[in-house]
Amino acid sequence: MKKAPTIITGTVGMDAHVIGTKIVSRTLKDAGFNVIALGMQVSPEEFISVAQETNADAILMTSLYGMAELDLKEFNEKRLEAGLGDMLLYIGGNLVIGRYDPKEVEPRFKQLGFDRVYPPETDIVTVIENDLRKDLKAKGKM
Amino acid sequence: MKKLRVRNKKIDDDLLMKKRREELDKWPTGKEVDFDEAVAYQKSLPDSKIWWKVMTKLREEGRMSVFPRAGTPVLEKMIELCQGLRDSGVVLIPVTTDSYTRLCQYEKVEDILKECEKTGKPLLNGYPIINQGVKKTRKLVESIDAAFSPRGAGGEIAIASGMTTAEAGVGFLGFGSYVKNMTIQELVESSQNGMRVIGWYADRGVILCKDLHGWLPSAPFPLSINIVCMIIEAVTAAEQGQKALYPLVHCMGNMTQDLAWIKLAPRVIREYLDKFGYQDTMIIGTCPAQTPLFPVAMDMGGAFAYLCYASMVGALSKSNAVDLRSIDEGAGVPTKDTNTVSYRAAKWIFDVVREQQVEIDIKGIDTEEKVAETEVRAILDRILDLGDGDIVDGTVKAVESGVLDSPWSPNVNVKDQVLGVRDARGACRYLEFGNLPIPEEIKEFHRGKVAEREKLEGKKVDYHSTVKDLWSLSKGKIVGIPPYNQ
Amino acid sequence: MKKLRVRNKKIDDDLLMKKRREELDKWPTGKEVDFDEAVAYQKSLPDSKIWWKVMTKLREEGRMSVFPRAGTPVLEKMIELCQGLRDSGVVLIPVTTDSYTRLCQYEKVEDILKECEKTGKPLLNGYPIINQGVKKTRKLVESIDAAFSPRGAGGEIAIASGMTTAEAGVGFLGFGSYVKNMTIQELVESSQNGMRVIGWYADRGVILCKDLHGWLPSAPFPLSINIVCMIIEAVTAAEQGQKALYPLVHCMGNMTQDLAWIKLAPRVIREYLDKFGYQDTMIIGTCPAQTPLFPVAMDMGGAFAYLCYASMVGALSKSNAVDLRSIDEGAGVPTKDTNTVSYRAAKWIFDVVREQQVEIDIKGIDTEEKVAETEVRAILDRILDLGDGDIVDGTVKAVESGVLDSPWSPNVNVKDQVLGVRDARGACRYLEFGNLPIPEEIKEFHRGKVAEREKLEGKKVDYHSTVKDLWSLSKGKIVGIPPYNQ
Amino acid sequence: MKKAPTIITGTVGMDAHVIGTKIVSRTLKDAGFNVIALGMQVSPEEFISVAQETNADAILMTSLYGMAELDLKEFNEKRLEAGLGDMLLYIGGNLVIGRYDPKEVEPRFKQLGFDRVYPPETDIVTVIENDLRKDLKAKGKM
């Protein structure tokens, strides 16, 4: 059996909403992943440098405060520069300010490099079972 | 008995004035503040703009107002938003600041604000009060016949603009919910060796009011920790010269507990203010708050019901105001329209129920009040022990040792060894006590209540129950009985 | 003491069967009813479709359901509407019939119904149960896992279709609010010399339930008249063999009164049922009803608040159900969506508050209960005097002489000499007593309360106050204190 | 001074909602009009025959139950036949079934012969002062 994939979690930018990422982290751990929980207010640069150091397989990013797009403006460029093009990127939370249609917002975040974009209150257990394992397997990381 | 006291090195007046200017010089709009002119401006305000007077008038007349949340970056839109609130009967208007302003990133804000004004899009999640400055913010205050309160940031820009609340004392909200690395020692220093600005204004006859927030219980969790922290906030704020306070009481959705806590909080806060010698600091009311998660955007009916529940609890407890979210709370920053329709619902409850002056009693309120009170006294006693009578020293040691603790904190310097869950009737109980000095018989009471839920649901209550309980009100299912017909 | 009794010429069985067929022969669908098959069908229904059992189960489990209003002409749309209700937690489903059906204009209905089916437009304001007949209506009943109640019409078509409520007894709702020229003597004859159909089913083990409606107080008006009429309805229905009843308690929006009346109604109804010898007729619960005008369509917030208020009163009084309108009530017949969102709000309150099993007491409930009870007994005593112990004869004479009277009736044979107004706390008081035999000290109590309002508002309370009070809940202003800041 | 104009009130068809027309009637009386209050469930024919008998100047009709259009199908024809073309015709209440935009419904009722069509919950005092007196004066009836 391969060793457990390494997943980084945390809220990006100045977002202080930590409860979601805490639950995500614990659920991942309980599901057998190797989790590096950065907690809240993680800068894009920190995500990238920790990913390099730990050779991470995925980042499950959280943002609830509505300003994720501003925080992530240059993120994708930098992570490609850092040679992390193969790493899985998910984001979940309340991704823009105000009431929104997730279908409209999804392409904007895909543009920013994310493989999957989740609407508010997504059940993390389902995501792990239906998406994360599949995607990791597809990339040969599991 | 130990002498009760509040550690506080009072800085001298010259230094105070210097520090105030330094703070303001962080951004060009600081120049718009002339201290004496600010006092004169404050004194020229009509009663309807003075927070503590509005609260007092509401109570005297047996009425209520919504205390909402509202902030959008562009001034004209902000005026529109607030006028919408006023039209739905709101006379206490918050100015929620954006997250970057709260973290003093004014340069960043400036760029985004320009973008907002150009595109008309609200790219910031609040009103950037520092960047907007005094002149513009006065325009906001003067446009609407209501009292204003800056939320999260503002300092003397807010005061000079005619807002009539301000923060003093040891603030647990920021420490417990907004910051990652601050130590309790740093919190105390920053809020204590601080500027005594509130006292400076009070000396000149300008009373700035403050709501006590306590340590935010981010999840269904007994309120005793929060009330202890409100007492610490009250005493330390009074020490700095704050003359008007009121508790925001975090309601968790169990009616018996919510009403018990609303009774208990002002009573024990008053008691400790008196004990510490701050008889002249007024408690001008109570304001229940909607704390747990809100129903998601698709569930408009549930969202209305939740805010009507909170309004009802406010009305039945004869509170002066209710800290209410809009039906869009689960979705994102509310629009003028969703605010209006939400607060119109609250106003209906206030005007119909509050004005009936119903005198309500609920079986079990006494027990809940007694349990919470016993916990509050036990924790505070330990804090004063640890500080040898000094509430500030005691607080530092209490947080460091987990004698004061709260769940789900983002702050790495918090123990985070406690957890709450709901019992079989939806009341909040301790699941994990961590290092809280709660008397054994009270612990037993909690365990017994948790066991009742386990019996009802036929399964062990654990961490997963706690996570599920985050959504109990949001999903409209507070009690563990199985769905109908199953 | 006079012998208490209920005048009733019991018709013989042959005549009964003849009359039943005559009634059914008024429209071709009547042929679809086979009496014995109907009994067998009723007996095959699961508990979840039997009204009295559903009500009982709700009470035993400490839960509630909305009791809504719903009716649209086309069968498929009606199924959709009802499924929407079921999805929002409603387990008690009404089938509101259209106005023409209520007046037996079946030919007219047939044409319009065809038009509806052709155009897809709901041109009738309800479900035309007679024209739809048994086969189609069974499809409705079988499609949804809930109990059904025909409203306003239905007779044996409804019973044979599997609906499990039916009307017996002297019905004041029709007499007082729907008809123009009927005399009380005619009402009594038509309901008394009637068919005893309910008893016929009961003899065969089929218990059809009934809500007691009383004389609809169309405006804010003390509930004593209504409760007297519910007692008359109960006793006369029991005489005809009805075994399961519950009061719909018309809530006027003053919380103290609403809760007092909800306590009082089932208690006095039980007492009189027993006195008249109907110990075996069950009272299976209470169902508060939203009676006064609803907020207009534009005021969605107010509409939600009003229905949350009623839900809350239901939850706090531990009722089994609440008779609730949708947020579209002020506008017109609700759609599936407005029903869903409205009843979702109610369900939130039920699931969160009712299941907490709150035991509430409110200062003043005792007084309100005592006042209403004294009035009820005084009026009933006079009725039994007038009838020399016979409640039916007494009722006839009481209505004729205004001893039983209610305001705003369309019926020209009603005295209409009474009026109600709200007092300074929004409670309903008599403004004009007409010929009601209310004891002098109780009259003084009402006058005193009205005087308090006059003092508060600084003007005489009169007919115009009564008209204004029609809108007090609808406008969210129940108490006479002037608006804030004026 | 001319004698007070005669106004007929009532709900049309099978409509049992009587409270509104009772208030309308009393308010008209208090305002000095000669009111013939027919109460509820007045057939179109009854309105017409009473109008002929009393030489009425206006009918203020009420309908709340949503079926007014069905009830009034042939009303206008008959009243023109009866020589009542000059009589003022107002209607108020909830004129169709369900939530509606009064602006869309108004022309339909004007088609049916009504001079003025009012949305739900119209204040009758304002109508008397702003519309009724003006219209009656314009027709020389006041």
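Going by the order they are written in, the chains are A, B, C and D; count residues from 1 in each one.
Note that in this section a residue touches a chain if its C-beta (ideal position, glycine included) is under 8 Å from a C-beta of that chain, and two chains touch if they have at least 3 such contacts.
What you see is a predicted model, and the numbers here were worked out from it, not measured in a lab.
Averaged Cα coordinates give chain A a centre that lies 31 Å from the centre of chain B. Averaged C-alpha coordinates put the centre of chain B at 56 Å from the centre of chain D. Chain B and chain C have Cα centroids lying 45 Å from one another.
Within chain D, not a single residue touches two or more of the remaining chains.
Chain contacts: chain B has no residue touching two or more partner chains. Chain contacts here run in a simple line, from one end chain through to the other with no loop closing.
Contact between chains, per the stated criterion, is found for A-B, B-C, C-D.
Put simply, chain C touches chain B in their complex at residues 48, 61-63, 88-89, 91, 145, 253-256, 295, 299-302, 304-306, 308-309, 311-312, 340-349, 351-353, 355-364, 425-426, 473, 476-479, 481, 484-485.
Interface of chain C with chain D (complex): residues 99-100, 103, 105, 112, 122-125, 177-180, 218-219, 296-297, 328, 330-335, 338, 408-410, 412, 463, 467, 470. Here chain A touches chain B in the complex through residues 14-16, 18-19, 22-23, 26, 39-41, 65-67, 70, 94, 96-100, 120-121, going by the rule given at the top.
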